[in-house]
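Shared chain: chain A. Partners: chain B in the first complex, chain C in the second.
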Partner chain A sequence: MMLTALATIESLFYLAGLVAVIASLKVVTGNNTVHALLYLVVSLLAVAVCFYLMGAPFAAGLEVIVYAGAILVLFVFAVLMFGLGKDELRHAPKSNNLANMIAAMLLAFVVLVELVIIIYHGDMQQSLQANVVDSKAVGIMLYGPYLLAVEIASFLLLAGLLAGYHYAKPDGTEASL
Partner chain B sequence: MTEMLWKLFEITVIIALLIPMAAMLVWVERRMIGIWQDRLGPNRVGPFGILQSFADLLKILGKEDWVPPFSDGRVFVLAPVIGALCVLMSFAVVPFSSVIGVSDLNIGLLFFLAMASLAVYGVVLAGWASNSKYALLGGMRAAAQTVSYEVFMGLSVMGVVLLTGSFNLREIVLAQADGWLIQSQFIGFIIFLIAGIAESHRLPFDLPEAETELTAGFHTEYSGLKFALFFLGEYLGVTLISAMSVVLFFGGWLMPEPLASWLPPLIWFVVKVMCLVMFFILLRTSLPRPRFDQLLKFGWVVMLPLALVNLLATALLRLSGVL
Partner chain C sequence: MTTIPLFHVLILSSLLFVIGFIGVVARKNTLFILMSLEVMLNAVGVAFIGAGSVWQQADGQVMFILILTLAAAEVAAGLALLIRMQKRYHSLDIDLLNRMKG
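So, the complex of A and B:
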């Protein structure tokens, strides 16, 4: 039972990795911005599955929440705002062929099946427990040995925030910080 | 293998109960709004109009399932499915009682937040794929609103995580055996509730579909079954936010002793959820819709500092041993 569970995990991991690679390829080869962003979302979800299978559920959760759920929404927002998608729809050749459609559905379907299998395989969680990094361990590491890195990252983000504020302020008015 | 079949059976039952319940909620809401506004509401189909949702469903199934020729066909069809699916997936981690519940995930709370943040794609993509100005504006509003309010939603539940020491929803409920978290996390609950309304884009925060200014917002171009999926997603979302509030702040299926023996735990859970759903409906009836910039400003200027202060105060009280 233990062996089969491990084999399942390994095959699931490679399947998710394959989905991530194919989806990433579709990101850079497609000619529609929004479709490319959607493939990027699929790729990130597949990477999240990889994280989960490697015993890092916290990283998997954050991957979905932060990358797929927040950063890429901002990307999509920017595309909508500048109307890039619409412009391209007019200029790019229409790619409504069946192969594209099936590829997209297949990728999403594979990730879905993996999710279902993970939820129902109770013994899989046990065999994973050997090297699980839970959220508490992540917190202890971040605020212990890696405290300096966390602080530097937060400085960097603050600088980015200030730069964003500078560029976003309306013309002709002095920014009051 | 039997275990897996049992799980599948459990999931089927939960879905088979949730979806008709969301449909009934439409009728309940219209009736309650009618009563609160001193008029009748739908009362013609069946006793008290209870079959109204059924009639609506038949009507919607009879409508033409139209995909506009100017839209992005694939994404147009995919968008309502994403919206409804993400909300349904979240129910996988909700512990309905001590034994009922699909998955006892250790990162259950994170899973809920992840699904909530993915659900926005349904709305945004619908707005983009419709290729219409109203829908696009609705989609953009939805993106900005959801990304902002997601931040406070995540921060507001961190107080709960701090006090219970777990992301597992079942353990969070069990940790409330001798006192619901609403006592110490009242501010957290308020922030969670407001963020929840914004996430499920209900009135007063239904800016993405504000009919007075955007026709119907992101679902302007939708009809028939795909429109029904958006509706299903919205009412399931209301139920989900209520259920999560009950799990996080109102002790889930637990009740204090004399009351606990009156009804089974599952019924108590449902009663609490229904009370919160009613509160959602009351909010919808009584509050006006803010302007969009007011909504965003309220979020970042009021809610964010409040959530941070709440988290800090909880942490300090926890460290000093008061909580």
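So, the complex of A and C:
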């Protein structure tokens, strides 16, 4: 009960922002690649909570689905393809694993608690509903004044696809493209 | 009107941006540089969404979607280049790239 009394939109926003900053610091200063990637996921999820609290639920969903769900999975696949080389293992922290695990779980747990509070807090839902910019308005803007930008973005994605295919293919197959 | 002041949103955004920038400048591992770039792009997204919610316009979210597209394309090309680099040098140290000629 005390938690829900303390919980206002502002305090939840600052808490999520704090989690995002701490997780980003861990990403930048980390030694282990996979750990840094997982911290990046936590940072993106915290930023998604910030988006939701700022009245942009569509952007929050996109952040989770596209950023944390697709781009970061691409990262993980690439890291697994590299294999953890010798330098990686040499620089890996000789850490007490338990402290690492608890710190990371604490960050993720804070984000989870915030989500639960937001969902079950009726007043907050109402005041959030008041200033939402909904996805319908975004869609109308995207296919109205920003149509050219959308087309350019699609070309950019095509260029990214071609670059990924061209650079990452094995050396012996020059003839195919 | 939104309850979160724009000033605080911009503080959060610039903090994240500076963290990402320090990562890009200070790290030697190319993979970490790419991750820090993601953090920077995300910080810009925070600024756009905050501004869009203060003025109750959809433009901020539209710009965020465009940033998302940019990040996806950048990661695809960047990771492919990293795979190529790992194959050739067996390392991701960015200082190895200053030997390139031509």
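Going forward, the second predicted complex is superposed on the first by the 148 of 177 C-alpha atoms of A that agree within 3 Å, B and C clash if a C-alpha of one lies under 4 Å from a C-alpha of the other, contacts with A are read in each partner's own complex, and residues count from 1 in each chain.
Heads up, the rule we're going with is that contacts are C-beta pairs under 8 Å (C-beta built on N, C-alpha and C of every residue); 3 or more make two chains touch, one makes a residue touch a chain.
This one's a predicted model, so the numbers in the text were calculated from it and none came from an experiment.
By the touch criterion stated above, A:Leu148 is placed in contact with neither chain B nor chain C. In the superposition on chain A, A:Phe58 contacts both chain B and chain C. Contacts of A:Leu74 after superposition on the shared chain: both chain B and chain C are touched.
Between chain B and chain C, C contacts the larger number of chain A residues.
When the two structures are aligned on the shared chain, A:Ala104 is found in touch with chain B, with no touch to chain C.
Once the two complexes are overlaid on the shared chain, A:Leu161 sits against chain C while remaining clear of chain B.
After overlaying the two complexes on the shared chain, residue contacts for A:Leu38 are found with chain B alone; chain C is out of touch. Shared contact residues on chain A (touching chain B in one structure, chain C in the other): 58, 62, 70, 74, 79, 81, 85.
Those residues of chain C whose C-beta lies close enough to touch chain A in the complex are 1-4, 8-9, 12, 15-16, 19-20, 22-23, 26-27, 29, 31-32, 34-36, 38-39, 42, 45-46, 49-50, 52-53, 56-62, 64-66, 68-77, 79-84, 86-87, 90-93.
The part of chain A that touches chain B in the complex is made up of residues 34-35, 38, 41, 57-58, 60-62, 64-65, 68-70, 73-74, 76-77, 79-81, 85-86, 89, 96, 101, 104, 119-120, 122, 134-135.
Residues 8-10, 13-14, 17, 20-21, 24-25, 27-28, 30, 33, 36-37, 40, 43-44, 47, 50-51, 53-56, 58-59, 62-63, 66-67, 70-71, 74-75, 78-79, 81-82, 85, 87, 127, 131, 133, 137-138, 140-142, 146, 149, 153, 156-157, 159-161, 163-168, 171 of chain A are the ones that touch chain C when the two sit in their complex. By the touch criterion given at the top, residues 3-4, 7-8, 72-75, 92, 102-103, 105-107, 110-111, 113-114, 116-118, 120-121, 124-125, 127-128, 131, 136, 139-140, 143-144, 146-147, 150, 154, 167 of chain B touch chain A in their complex.
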